[in-house]
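First the structure, which I've put down as structure tokens, then a few questions once you've had a look.
Note that the chains take the letters A, B, C and D in the order they are written out, and that residue 1 is the start of every chain.
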Amino acid sequence: MDSFTTPLLAGTATGALLLIAALGLALTFGQMGVINMAHGEFLMAGAYTAFLTQQVISNTDISILVAIPVAFVVAGLLGLLLEMTVISWMYRRPLDTLLVTVGVSLVLQQLAKDIFGAQGDPVESPGWLDGNVDVFGYNWPYRQMFTIVLALVSLCVLAALLKYSSFGRQIRATVQNRDLAETVGVRTRVVDRLTFFLGSGLAGVGGVAVSLISGTNPRLGTTYIISAFLVVVAGGLGQLKGTVIAAFAVGIATAFFADWTSASMAQVATFALVVVFLQLRPQGLFTVRSRGLA
Amino acid sequence: MKSAVRTFGPLVAIAVLAVLLLVVAPSVLSPFRLNNLGKYCCWAIAAVGIGLAWGRGGMLVMGQGVFFGIGGYAMAMHLKLEAAGPEGIPDFMLLYGDGTMPGWWEPFRSGAFTLFAIVALPAVAAAILGWAIFKRKVKGAYFAILTQAMAVVFATLLIATIQETGGFNGLNQFTFFFGYNLYDPVNKRMVYSITAGLLIACLVVVWQLYRSRFGELLVATRDAEERVRFLGHDPANVKLAAFVIAAVMASIGGAMFAPIAGIISPSDVDATASIFLIAGVALGGRALLLGPALGALAVGYGRSTLSEQFPDQWTYFLGALFIVVILMFPAGLISAAGRAAGLLRPRRRVRPTAARPAGATS
Amino acid sequence: MIERLPLVHHSRSRLAAGAVLALTVSLGLAACGNKDSEGSSAKSCVDTSGDTIKLGFLNSTSGAMAISEQTVRDSLTLAAEEINADGGILGKEIEFVEEDGASDPAIFAEKIEKLLTGDCVAAVFGGWTSASRKAMLPVVEANNGLLFYPVQYEGLEASENIYYTGATTNQQIIPAMEFLADEGVETLFLAGSDYVFPRTANKIIKQYAEELGIEIVGEEYVPLDDDDWTTQVAKIVEAEPDFVFNTINGSSNVGFIKAYYEQGLSPETSPIISVSIAEEEAPAMGKDVTGQYAAWNYFQSVESPANATFIEAFQDRFGSERPTSDPMEAAYTSLYLYKNLVEAADSFDVDDINESADGVTFEAPEGLVTIDGDNHHIAKTALIGRINSDNQFDVVWSSDGPIEPDPFLEGYSWWDASAE
Amino acid sequence: MRLDHPSPDDLGQDYLEIRDLTVDFDGFKAVSGVDLTLLQGRVHFLIGPNGAGKTTLIDAITGLVPATGVARYRNHNLLALKSHRIVRAGIGRTFQTATVFEELSVLQNLDIAGGVHRSPFALLRARRGTPDYVEAALGTIGLGDLRDRPAGVLAHGQKQWLEIGMLLVQDAKVMLLDEPVAGMSAEEREETGALLQRIGTERTIVVVEHDMDFVRSFADLVTVMHAGKVLTEGTVTEIQANARVQEVYLGRTADAAEAAEAAEADAVTHEGAGRD
């Protein structure tokens, strides 16, 4: 039984992590066509925020809860800065944005290395996350449950924001038809910035969750970014449900592959799976528009 | 005569580069620096292909390290078997494995098969992947991401297959290159010359491609893919052809990298290495004939010297290169220089002597 | 971007293209190779006429390995300064040339060639990953240079041009297994990064375990740099081993240790013995790892006059909070060993040094080390330490004196290199 | 200035036949059960209010949107072919916004359109001189003086002519032209109309058009579409006399127009053609 429950539950937790990372990506990609390769470094920024918060608030039970909103703001501001200084200059060149943000990602990684050292810094789990519960022979760590809860809460907040707030309506309008949105008075530039802030901020929240798995290190972003992108590719654009399903599918599939073969082969198999999936649904699971993403 | 300049100007530029690489460089550079220049030439060969796929075809190939690696490993396998002697098997299989050699290594004993594989393997791999991607109209950023993921997966696969590919250590300790002892400086120079010659040959190939109708069709596909469809062409086939040629060029570069660097390992072919290849293309000018090659030579040289001068700042340089060049000079520094010169003189053409390969200046 | 319609006659352009290619081929042929060469062993360009002797320090100061290799660079620097203060080597002051290997094997190969042929250094000190050593090996052999490699590794190698001052497997892995047998361990779980050292180490462990009657109840690998160990640790939970043998590399250890504690494992039930967690890594795990074990040949806690001097000098030079660890000590030792080698040979010549290398000793912080002239490794004492609450290691087990190096495990009848 | 309605005897064998063609966008039928027979040698106009489904019909025939029903030309079932195969079968089209390759010269634009007839190997050679059929097309569309100009600098009307020229080089037997004279001056319209008549004798020309003056001047046959269906078909005189056509053009409600417009916009975004 546990050869089934372990990958299922562990994979769900990985999927939850991918979801938080991919939500922000899908949002900015879907709306602006911008591929932000530095998104992984926003994840890293979130993890370092968790570490720094712990230095200020030594009570680890509380510091992690404080770290979540702080990481959201820190990563969000980084994203906003990136949008204003770099990305806003090149909206008509999405592929070039991708490369510029590769450069940004390299610089941020090296910065983290210079500031915090290449050796990772520890992030201690709060006491209330220590421990696990036995589910059919799998000692399911509280930390994984916490990751899933965090992802679902982020998802619900984001969905509610998109659905009910006027900002959300403006985002959706911009995603569906930028030109039309502009003609009806949506200030798309402002919306873009807020979206970038929101998407990057989510990565920060994801970073806090990652820091509970592996502490911090400068290469932390690169570990997750490719999987997160695969989630966006498989999930399609413009609808959250595609990202959600794809994130959990990728997370769980990887866990099962890892269980059957090895963790290395699981990476290979997951990639193959996404390519095969694209043969069936070249535009991903769901998409609002099917125009080429060039 | 204007048109003659347009036609032959690039050829003259290529010839100048050929003289610089094949005559000037060997006579002024120390064997060590010359070998390094050979390494940059390998990257430049791959860069020429990237220029074709990305600059002219609009396909941002972020996983060329994979094809670089296919060629590099194919060549390295042959060199390993050559070093092991007839009937011998590579040392690492005795050390880390069970002392038996996987069957698919066996054909690489043959030099002819190896040369064939260096061209055929990447072509087939690129054709399959490209077919799967282009026929389904996956393009733009999706394509870029998939190719990068492919590079990550490829490196992981190599690292995990220690008994078959040497894993993280890669393949090294080659002694002979098709019968020539690699530790003889004369032979090292020969390997360098072959590499530089291949670079020139690849440049002539893309020169012909760029001026051919295929070249026009490729640019047309880049700029208006759907419109090309209504010329009766399947844009997927046009892109596929460019992608396959780029893959083969990367593979040739990798194949020469193995004997020149003396090693091919996952860190030469992973996502970071692939990004590094793109850096040169962006710097030199993606859509120019000579831009990618000159850019790759410059970035290779920069990596050697800047990392000697400022070991800790090299990553900043590379990152800043991407940000500054793509943001401000998307057509590359050579174009920017050309434009600047064009302000003074009305006619504009590529002047290769203005941007000599950086490696040749030391 | 596109040349406008060249209305030139086609055959002329083809002629021109042909001309360029012909030029290329003829220029290329001018540099024809030499098929009959035996491969010249390059003439050494080391200059020993002056008051100084050049040595090369080649470590990664950038890339993923920078953090580890920087510590080696620091202790090499310390050793060089000490030797210079003490009159140098054969009266010549050490002048060291620093290069960055950038965590990339190909760069290591490039840089060591530069050091040997460009800077003409008498010896190079550095390298960390096996990949970097493997990449440097052919270069240092071709130029008949010297490389001092300071890190424990998977063995199965011996080069005339390399001195290995870290442990080979029979000085770390095998003693660790002996310790486990002494502890009465019956079941063992193997967890490692998916690359050469863990795979090779585990091959040795599995064969020796069979010999010792220890059952291997699981073997899991995760890619380098991968942090999520949850599913693999779940298998440890299920297997309930007496001990876990950890050959995980670098930051991936953090994820492993976290998952290990999260799923309810502890040193009381299934303790871990590591071969890559040292004084510096222990506090960076984000968990209290008190009670876990590590196998090394040096701990900061080793009590000897030489170690006390080393620690004091190092902390004076680089800061009192800096711990010392096994690779740092091995690097420090390597420079002193080089000094002793040169003085024993009374020459900087590589062949002279190799000639008189056997039996050269140094009173190192870890204890007395002796060079084996045949395989260029050094005899070392194996130690097992248990982590205490200060993140220092209490030595709980040690071998009976220094162990003779045996990189190819020729003295171990149970070893079968060709077994799967 | 229009030709007499040709008698069936004058017609060639060539025709494009459309039967029960339906395009369904998630339940919204943009084109619904259209039957049309388009004969060679006539300039055929397709008119109707915004959202009537004219462009969508052309999109369906050229493989840009999936459709049910039958569209048959010679032996080809067009609805089962991919766009580039349809082109190779002899069907060519233009778009509302002229899409020429702006970086290429006029001559290169025309030349590149001849690619269909070349072997893959020939593609690898550089062009030597100008092929006859390219020269001929250049003459037909009257851009001979501008042959070496980049297409990007051409005036709007000239771009449309260039596109028609590209169809000539392509040797399209059926030409589907989507609002070719939109934005043209009266003089340019005249010339375009004359051009269409010149080339129309051996071809099947279908023009989607709003401009009624243009339609009146050059149409051999007019089909009126409304709300995805064919309303009526006939000569210009017949159409103008038709009460239902007048109703459609004048009496439709604002709401319906908006819905139809939205649908057409939707259809355009679905196809993604000519935009990037």
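Throughout what follows, a contact is a pair of C-beta atoms (placed from the backbone, for glycine too) under 8 Å apart; a residue touches a chain by one contact, two chains touch by 3 or more.
Computed from a predicted model, the values in this text were never measured in an experiment.
Ranked by separation of Cα centres from chain B, the top chain is D. Once CA atoms are averaged chain by chain and compared with the all-protein CA average, the nearest chain turns out to be B. Of the two chain pairs examined here, A-C and B-C, it is B-C that is joined by more C-beta pairs in contact.
Put simply, the C-alpha centre of chain A and that of chain C have 36 angstrom between them.
In whole angstrom, the spacing between the mean C-alpha positions of chain A and chain D is 46. Once the centre of each chain is set as its mean CA position, chain B and chain C turn out to be 31 Å apart. Each chain gets a centre from the mean of its Cα atoms; for chain B and chain D, those two points are 45 Å apart. Under the contact definition stated at the top, the residues of chain A that touch 2 or more other chains are 222, 262, 264, 267, 292, 294.
Annotation for chain C: residues touching 2 or more other chains are 1-2, 4-7, 13, 194, 221, 223. Looking at chain D, one finds that residues 103-104, 108, 125-127, 272, 275-276 touch two or more other chains. Note for the complex: chain A touches chain B at residues 29, 33, 35, 86, 89-90, 93-96, 98-100, 102-107, 109-110, 114, 222, 226, 229-230, 232-233, 262, 264-265, 267-268, 271, 274-275, 278-279, 282, 292-294.
Across the complex, chain B meets chain C through its residues 3-4, 6-8, 11, 14-15, 18-19, 22-23, 26, 30-32, 35-36, 39, 56, 94-100, 156, 159-160, 162, 166-170, 172-175, 179-187, 189-194, 196-197, 200-201, 204, 207-208, 210-211, 215-216, 219, 261-265, 267-268, 287, 304, 307-308, 311-312, 314-315.
Residues 62, 82-84, 87-88, 92-93, 95, 99, 101-104, 108, 111-113, 115-116, 118, 122-127, 166, 170, 272-276 of chain D are the ones that touch chain B when the two sit in their complex. For chain B in complex with chain A, the residues that touch the partner chain are 58, 60, 129, 132-133, 136-142, 144-146, 148-150, 152-153, 156-157, 159-160, 225-226, 271, 275, 278, 282, 312, 315-316, 318-323, 326-327, 330.
Chain C contributes residues 1-8, 13, 16-17, 19-21, 23-25, 27-28, 30-35, 37-42, 61-62, 98-100, 102-107, 109-110, 113-114, 117-118, 129-131, 134-135, 137-139, 142, 156-157, 194-196, 199-200, 203, 221, 223-224, 417-420 to its touches with chain B in the complex.
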